[in-house]
Each structure stands twice: as C-alpha cells, then as structure tokens.
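Should a chain be cited, it is by its letter among A, B, C and D, assigned in written order, with residues numbered from 1 in that chain.
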Amino acid sequence: MSANAVPALAIEGVAKSFGGLKVLSDVSVTLGQGECLGLIGPNGAGKTTLFNIVTGFLIPDHGRVAFAGEDITTAKPDVRVRAGLVRTFQKSMAFPELSVRENLALAARSRSGDGYGWFGSRKAVAAADEAADELLTRAQLRERAELLVSGLSYGEQRIVDVLVSLAMRPRVLLLDEPTAGLSRAEGEHLIEVVRTLGEDLSTILIAHDLDIVFGVCDRVAVLDLGRLIACDTPDAIKAHEGAQAAYLGASLGEAA
Amino acid sequence: MTERFPLSRRDFIASAGAAALTSAIAAPALAQSANKPLKIGMVTSLSGPFTALGESMRAGMQMFLAENGGKLAGRAVELIVEDDQAKPDEGVRKFRKLLGQDNVDIVSGVISSAVALAVRDVVTEAKALTFISAGSANDLARKAASPFVFRPTKTNWMLGHTAGLWAYEKLGKTGCMTIGADYAAGREYIGDFVATYQQQGGKVGKQLWAPLGTTDFGPLLTTIAAEKPEFIYSFFAGSDAVRFLRQMREYRLSGKVKLIGGGALFDQEDVVSAVKEAALGGLNTCNQSPTAPSSAAFTKAYQAARNVMPGEMGTAGYVTGQVIKAAVERVQGDLSNKEKVKEALLAREVETVFGPMPFDPRNNQAILDIYVNEIKEGAGGVPVNQVIHTYKAVRDPGPVA
Amino acid sequence: MGFYAVQSLNALSFSMLLLLTGLGLSVVLNLMNFVNLTHGSFFLLGAYVGVYWLASGAPWWLAFPVAFVAAGLAGFLLERFPFRQFYARTHLMQVLLTYGLSVIFADLMRWGFGAQILSPEIPEALRGVVFIMDMPFPIYRLFIIGFGAALAFALWFVIDRTIWGAVVRACVTDRGFVETLGLDTRRIFTAVLVISAGLGGISGALGAGILSAYPGLDEEVLILALIVVVAGGLGTFRGTVLSALLLGFAMTFSKVWVPEFSNVVALAIMAALLVALPEGLVAKKVRQV
Amino acid sequence: MSSIADGTGRVETRPASQRRSLPVTAKLALLALATAVPLLFAGDYQLRFLAEILIIGTAVLSLDLLVGFGGLVSLGHAVFFGGAAYAAAIASQALGADIVVMLAVGIVTGMVAALLMGIVVMRTIALFFLILSLIVGQIVWEVVFHWREVTGGADGLRGFPVLTLHTGFATIPLNNGVALYLASVVLALAAYLAARSFVTAPIGRALLGTRERQLRMSALGYSIPRIRLMALVASGAIAGAAGALYPFVNQYVGPNAVHWTMSAMMIIMLVIGGVGSLYGAFIGSAIYLGIQTYVSSYTDRWQLVVGLVFVLTVMIMPKGVVAGLKAAFGRRKDAERRS
C-alpha cells in the first residue's frame, strides 16, 4: 500500500461542547504516513480536547475520526491504543512506584497482549523485559533500568514517559507538550529520542516551544478558540497573518 | 516464581514470633494440674449489642458468689468471665479458651441464642458441664439438646405460648396484630404466640416485621394506627424495644392499643428503666419478675447494689449461680463424675429466684413458672413489672416437637 | 389519604434526621476534603449530652446548643491532634485513622456513660401530636423537620452565598492563595471542623428523642450518614440533601409496603443509584485530563 | 526475578544475586521448624486458635491484593469469605466434608461472588467503591440473615459433618487441633504463594498500574474494569479457599461471617500487619485475635486496646508493625554506627 494513499489519521469536521462552551468547532485535519504534524495555539484553544477526542477519552458531538482509513470515532481508548494510536499526557504519567524497566515492560506486555497473565506468564515477562531493555539501551538509559521512576530527575521521567509510549510500538503517537518543564537541552534530547527510535512513526506534537515545533515538524496546524485557522508548512505558517494574530499577537517569524 | 521458596529472613522472624507466641499462650495450660479451687467460666456479652445485659448477668453471678463467701461446697470459687461480643464465632473461641486453656470445671453464661447454638457442639464434644443462663432458642431444648448442657432458663416457646393463652382468655378473641423483630428469636416468639392463640380459637390480623436494629418505627406505627387493632403481640429486645415503646407513645398508641409481649420487651432493668412511663400498662410473659415472691430478697439486694431493679439477665446470672451451687453441693464438690452430677441435678428441683426449678430429664431444660407481668406504678412512681398471674410449671414440648 | 400524608411526613422527618447526621460529615468532606469517621462519635456524644441535660431540669432548649458546644470542643481537640497531620494524606489513611479513633471513642463513651440504653425526657412542649385527617403525627417530629430544614438552609446560605463559604472553599483548592490574602488557613480549617463536629452533636441531641442513646448507635448512624453523603456525590451540598431525601423516603415507604424486605429494598435502591451514577447523585463537573 | 518489598506493594527490582537471602533448603527447614514448634508445645485449643489465625489471615491476605495493589478498599470483602463458608457448610451436608471438595466449593463460590460483586462495583473508585461494596455486602448479609431455611438465619448453621481427607485407602477425620492446624498451614502457604505469583505476574503489575495512574493505564491500552475484575476474582478465590475451611474449625458458621464489621476487622488486621506486604496479613490477624482473645480476659476495655494499637499503627507505622519496628530498629542501628 502506498504510504500516501491512506492518511495515518484523519479528523473530519469534529466539534465538541462542554455545557454551553464550544471547545471545538468543525476541525478537520489529516496526518500523513510518517509525517510529523505540529499543533499549536494559545491556551484554551482546544488542543488537548482534540487529543482526547482522537484517543477516545471524549466522544465528539459531530464529525468523525479515522485511523488508517478505519472509523474509530466511538471506539474505546484501550482498543485504539492496541491498534497503535498512542498518546502522552501534559504531566509525566510514568508510574512512580515502578522501576524504569517495569514501566516499559507494562507497555510492551499490553502491546503483545500478555498484560493480564497470571500463572505461566514467565515467557511473556521475560520477552517484555527484553523489549524494554532493548529500548532503554537505544535511548542510552540502560543503566537506569532498575531505578524507581520516582527517583529520577524530571527530565528523565519525561523521557521514560515517552519511552513507555514508544514501547507500545505505535503507528501514530500524540505528544502533549512533552517538553514542558524541561530545559532547552533536555527538550531537544527528548525530541531526538523520539525521532531516532520511532522510524516509520507518524506524530502530532503539541508544544509551546515554537523553535522545536518549527524545527522538527513537517507541517504545523494552528488552533484558535476551537477553530483550525491554518495548517501548512512551518515557513508558510510563520508568514500566516491569522496565525500570528492568534498566537498571542507575537510575530511567529521572530520566534523562529 | 515457584522454584524459589519465598522465605526470607523477615519470614523467619515472623514464624519464630508465631512460635514464641504459641509457647507463651501454652504455658498456663502446662501449669495446670492439681485439683484446687472450683473454676467457673462465664461467657457473656460485654461488648456489642447486648453489653448492658451482659454486665447485668455478670453482676448477678458475682453477687451470688459474694453472698456465698466465694465458696461452693467448701471449695473456693474462681470465676473467669469472658466476652463473646454477642458473636457466635467469638463465643466459640472463648468457650474453647475456657475449656482448653483455663481448664475450668464448669462453663456458663451466654445471652445470644446464636452463641448458645454455636457452642453446643463444642461443649458436647468436650463433655463439659454447661449451664446456659439465657440463650433461649427453642431448638436448644429440642434438636440441639445435649446431655451435659443444663438450661436454667426459659425457651422462647414458653413465653410465646403462655402469652397466647393469656391473650385469648383476657384480651380478646379477635383484633390481634403482631409486630416483631425479624430474626430468629422474633420469629419464634411470634410464631409460638400465634400458634397457641389460633389453637385456642383466636383470629390474628396483620403481621408486621421490622428489621433488627430498626431506628424509625414511625411508618409501622402509622400502619398500626390505620389498622386499629384491639391489642398487639410484640417481640423486641434491647434498644429496639426502647425505641418501639417510646415511639408507640409518641404516636399516641400506648394508651389506645393494649400491648403484650415477650419478657424482653418490658425487661425491668434494660427497657422499663429507660422508657419509664412509656411502659405503663404493658403486659408481658416472662420467667422472671422483680415482684415474684421468690424474687423478693434478691430484688432488694440487687437494688441496693446496682441502684436499679433487676431484669431478666441480672436474675439469670444469679440463678445460674444458684443452680451451679445446687449441683456442686449435691455431689459434695466432686465434679469428676459428670453422670452423677447430672443425676443429682435432675433428682429434685432447685429453689431459685425465678421460682422452683425442676429439670426435664429429656433435655435438661428447666421447667419454669411463667409470670404474666403488668407494668404498673410501684413505689415512688417507678414503673414496675407486677405479677398478675402465674402459669405454673410450664414445660417445653422438648425433643418430640 | 391521611395515611399517606402521615407516611410522607414520617419519611420527611427521617430524611431530616439523616440529613442532620450527614451534614456535618458532608461539610468536612466538601470543604476540607477530609473523611471523618469519628462523626458517629460526635453524634453519640451529643445524644448523651442531650439526655443528661434534659434530665437535669435546666431549660430544655439549651440542650441543643450545649450538645453543639460539647461535640464542637471534642472536634477542636481532635483537629489539633491528630487530624491536622492527616489533611494532606489520602482518603484511605484518613478513613483508617478516624475509624480507629471512633473505636476508641466508642469504648471511652461506654466507659463514661455506661452500657445502658438512655432515653431523653422530651420537653412537655414537644410531646403532643397533631392529627392529620384522623392520623396522629408527633409534634417532636415536626420540630425535627423544622429544625433540620432551618439548619440546612442556614448552612447552605453560609457556604454557597457568603464570602466565608467562598474563602473556605478556596482553602481546599489553593491554600497558598488564601494565605496571601492574610488569612490563617489553619484557623479556618479548625473552625470548619468544630462546626462539623458541633453539627454532629446537635443532631445527636435531636435524634436521641427518636433513637435513644446507647453504645453502638455511633456506628449505626455513621453508616447511614456515610451512605447518604457518598451517594449524594462528594463535594456537593445539594447532593447530600437529595440523597438524604431519597434514602429517607426509600426506607420509610419500603417499611410501609414491604416491611420484611425494607432494608434490602432501601440498600438496593442506593446500590442501583451508585451503579448508574458512579460518582454519586450530583457529581462535581471536572474535565478529564 | 523479583519479590515483594515492604509496605507499598512495590516490586523489589534488585537482581536475586544481590539480595541477602537464605538458600532454598534452609528456608524450607526453617519453615518446617516454625510449623513444628506449635505442634510440640501447644494444646488442642491453641492449635485451633492458630488455625483460625491462619485462616482469617489468608482472607486478609486476599484483601491485601485489592487494597495493597489495587487501592481498592472494600467493606464487602467478608462476602467472599463468609459466602464460601456458608457454601461449604451447606454443601458438606449433601456431599460430605472432604477437604478437597470443600476447597473447590469455597474457591468457586468466592470467585462467583467476586465476579458478581465486581460487575456491580468495578466502575466506582475510592470512597464510592468503599460505600458501594459496603452496600452490596449488607444486601448479601440481609439475605443470609433472613433466609432461615438455607442459612439458618440469625442462628447460623451447625451440625454439619467434620472435615475429612481421603487418602485413597483411608478417610482421615480432620476434626482435631493438629489436623486443622496443619491444614491451615498448607492453605496459608498455598495462598501466599498464589498471591505472590499474582502480584509479580503481569496482571499484578497492571493492577498496581491502575492504582497509581488509572488514566495512563487506559492510554497504554489496558482495560481497567478487566484488571479490577480479575483482581477481584483472584482475591475472591483465595478468600473463598479460606472461607471453605472456616466453618470446620468450630463446626459453626453464622451471619456474622458476612457482615461488614467482619470486613472492617480484616482491614484493621491488614493495616496493623502491613498493607501491600502480603505476609503482614498473618501478623495482623495474629495481633488482633491475640488482643481480642487474651486482653479481653483481663479488662472490658479490650476494644480500647485494639483501637489504640490500630491508631498508633496508622499514625507512626503506616507500613505495618513489622516494617515499622524494623525501620525503628534500623534507625537505631544507623545511629549507633554513626556515633
């Protein structure tokens, strides 16, 4: 199948309200295979709500979501995840009381369908540990494998958080402000890890750090007050007037 | 996970601790030997719903032993009281402790029928001399009767049955309603009352049941007010009885509808002293009455000691002491041959505060005088259970029933 | 007609009793996010105080403020130690601590007040009945309905409609912010707990007229109050009121129609409610993630 | 290879080689010794008492799976235990009381009860879970309490056959202290191993995950209700096994065994012994029953003692007495070393 024939993710005319508050209205955007799409917009623009709709934590009032050509608008979150549609959260959601390896293994076992085993799951445990160690080695964190996540620095926790998502072997990864609270260097390292480890991965990246967004994304979508006002290449967005106005009135060109 | 045995040092410490605990609790048992004082174990409820009753029972027994100078048949008495929390599991545990660790000569007590039933097999297996002071489920004198379990107390049938006779004769042939606590005892009291009353020819109207621990009788009392019965037969005990009687008065039913119940409904110490005037005019059948002739001296002594007139449980504790005394004295303090003790106790009646008490040889159940009490104002305006009639020598149908 | 009118009043008075016991619990839970299982002990303490006060011959109506003060004082001391250390802990730890304390208090009160069942002397003024279409209904229960409604309204007004309520609610969400306003949050928390305990005491003194006072009442009341508050939905005052009414009416009318199964029916209704609405009758509107 | 660390249900992730532990044979010998000591010194009553500690401890152990690893504090846990006890007592009247049959009956009953309860409660969490499990448990209690024909109502059931063991050529009655004690040692050991394998298996890790970060678990593709349900059923099976033997210690089972106060008692035992430690269940059960049985002989205030022990545990040793004492001891040793 040609990579371009079916988009990895297609969001079509999605709308969502909470009570009387319209959070999203008629948002349509597609994510191509292997593409990295940036999602930016001021606070309250509806970015996280869009993520919640795509990942099944919310059901949209209107519109549909298609994953690799299949309609998943009302599918449960765990079904989507096992199909390869994985997300991270704004805060680090790694399990603090588990070791780094256990964190990754938890994801690997979910991926392989061994997540609920009890007796006789020794093989599954070993396989998951192996997969976790492999990923850790590639992320150069192998020596951290046995530490509890609660004992890591915040930057490391975020990386573990992203590694947990990667251990799910996602086809599409939604990153919700993965670099928030990190130093510039840490943030860049994290993005680097994602790029090197997720080869044929399609990603949507929410970030406030526009340098990162414009630096790594193939295209950038701009949300404002629940509407998609632009979706184009970084250079085109930097020049886009509506986007500039929405984005805190700052000049996007300058930010880049 | 299975190839390594999961015993770490921590586990070892734990098991060693358990072992130490065991030897500690076993030590007293090893020390037991020579035939010294007479050890009487009493299991009663010192926590849980029957706390007040249990404290009265213990006080009754202690009063009796004090009056006897702490000696029976020349042997010094050591009384060991244990708390069963009115829970059968706990009761069994305590009986086993008394028998297995304290090596008592006699076990006694028990308020809850459930506890009495639960310990039945334990004491039977141990062939222990047992005196059940109050547990009164009918089965205890029937299917669950046991050769060495003596019952110096009533069965529920004795009270329900006599109330049925009295109600038919004196209260009316129709217009009867019943309301009772919906558990084993309530079902037995009401069932036996209804059976006798109907057998006599009486007609029973609506029958209401309230869950054990009912807080609000309002809805049921409104139903009663709408039904307008002539009289009500009722069984509640403890806090349920207090609330029922008080709320009866709140809803102005106390004067209008005659109320007759099992002894516990108008227990002198537990209920009447709490509800006071709300009890006035009430009738009950009971094996105990503070105004029975046999109780005169005891009532005075109890009142002096506890500042309240005795109810059934305080009396039961005392009576248990009296029966144990009779048994021990009739064999000159030698309890080694239990058959002989039994023979001696069955041979002739024991004079008790309840009244004369012969034992039924079929089931070791006491044959009792049952009093019909009416709550009237006594000295100083205090409501008191006054005997208005006595059914002599009432005997439970026993194992055949 | 009269029958159902009186039964509805029965249900209402029982609901008020439930509400009164639930209110204190609800206040600490809503405003301080603290689960206080010693609330049943405050209730029983208030009940004992009420019984002794009414028997003493002093003006009867003082019994309620006195019960409030007695339980409030107990609450004050407990707030100082050890509740304060547990505000930031998980609900589980709070449940464990306060349940353990309630076991201790149950035994202490049994020690102090004895195991006997005690019933208060209801004052002459409240002893009568009114007849509603020939059916009697006790004035004391009307008194409870009125008192309960007034208290609930006052509480709602203070919490929802005054600056004090707003400040207390702000304490839970952002202590630091309130402190920058120059307010002592520790004092505010103390005050809330004292009021909650006092409410427990006052409802105990009121409830004793119907329930009497005896060891074990604390636990019975606590369970009912917990069901009311949790099924109402945490963090809402309206929910507690609604669920008290629901449980009160369910318990009353199941006793009218199916007295033998009344407990099962009432429990099943509450269970069904929680299955259908896993966060209670009135859930706080919180956006996910 | 990992084992349960103290207190919080955390997995100890140091490799086995680094842990200070004794070889398997030594452990086995110690265990056999610890088992044998009571047989030498204790009488029939004490052995029965130990059997009860172990059986109730096993039920508490099953509760630890839910509380310590799933964060699910249930006030309806007695339903699994007591329900299985009733099922065994009732079944024994028809099938005889062979220990294997009884265990099977108990385990199945516990699992079915847990499954049914789970379907009702699995969507709720925290306080809502606590209260809903309480309500469901009390509904079951009401049924048991009133269904006199089957359960004996308030009086409970008695007069059923004694526990037996078929050995192929002979049937041994297990109605004395020694036999009951040994049977409950085996039960406790098997339950401990099963629970331990559960918490270290993927399902146990997943359960721990739901306790820590429910949302994240969904985002990892786990079905939270499924995990909770599996934990409940596993817990129900263990509680059911314990419940199956319970009636035969005293040849009696009553409605108290399913009452919420029984569940509350188990929670107290668990907290005293140490939440999330598994072994603590037995320690807590021994301490609680020990206080209840022995302190109450000396004072009516035994509940005060239980309450104080419990509150002090919660306040100063939230990981349970063993972990707490060890920590205190460790601190002192540290201090000595430093000085």
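The criterion applied here is as follows: contacts are C-beta pairs under 8 Å (C-beta built on N, C-alpha and C of every residue); 3 or more make two chains touch, one makes a residue touch a chain.
As the structure is a computational prediction, the values presented were derived from the model and not from experiment.
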item: Closest chain to the centre of mass proxy, which here is the mean CA position; value: D
item: Farthest chain relative to subunit C (centres taken as mean CA coordinates); value: A
item: Whole-Å separation of chain centres (CA-atom averages), subunit A against subunit D; value: 42
item: Chain centre separation in whole Å, for subunit D relative to subunit C (CA means); value: 34
item: Between subunit B and subunit C, centroid-to-centroid distance (C-alpha), Å; value: 35
item: Centre distance in Å when subunit A and subunit C are each reduced to the mean of their C-alpha atoms; value: 47
item: Numbers and ranges of subunit B residues touching at least 2 other chains; value: 1, 47, 182, 211
item: Residues of subunit C whose C-beta touches two or more other chains; value: 107, 260, 263, 288-289
item: Residues within subunit A bordering two or more other chains; value: 57, 89
item: Of all residues in subunit B, those that touch subunit D in their complex; value: 1-19, 21-23, 25-26, 29, 46-47, 80, 82-83, 87-90, 92-94, 96-97, 99-101, 113-114, 117-118, 120-122, 137, 139, 144, 182-185, 187, 211-212
item: Contact set on subunit C toward subunit D in their complex; value: 35, 82, 85, 91-93, 95-97, 99-101, 103-104, 106-108, 111, 223, 226-227, 230-231, 234, 260, 263-264, 267-268, 270-271, 274-275, 278-280, 288-289
item: Complex interface listing, subunit D residues touching subunit B; value: 1, 3, 6, 16, 19-22, 24, 27-28, 30-31, 34-35, 37-38, 41-46, 48-50, 52, 142, 145-146, 148, 153-156, 158-159, 192-193, 196-197, 200-201, 250-252, 254, 256-257, 279, 282-283, 286, 290, 292-294, 296-297, 300, 302-303, 322, 326
item: Of all residues in subunit D, those that touch subunit A in their complex; value: 8-11, 13-15, 197-198, 201-206, 208-209, 212-213, 215-216, 218-223, 226-227, 230, 234
item: For the subunit A and subunit D complex, residues of the former touching the latter; value: 55, 57, 76-82, 86-89, 93-99, 101-102, 105-107, 109-111, 114-119, 121, 124-125, 128, 146, 148, 164, 168
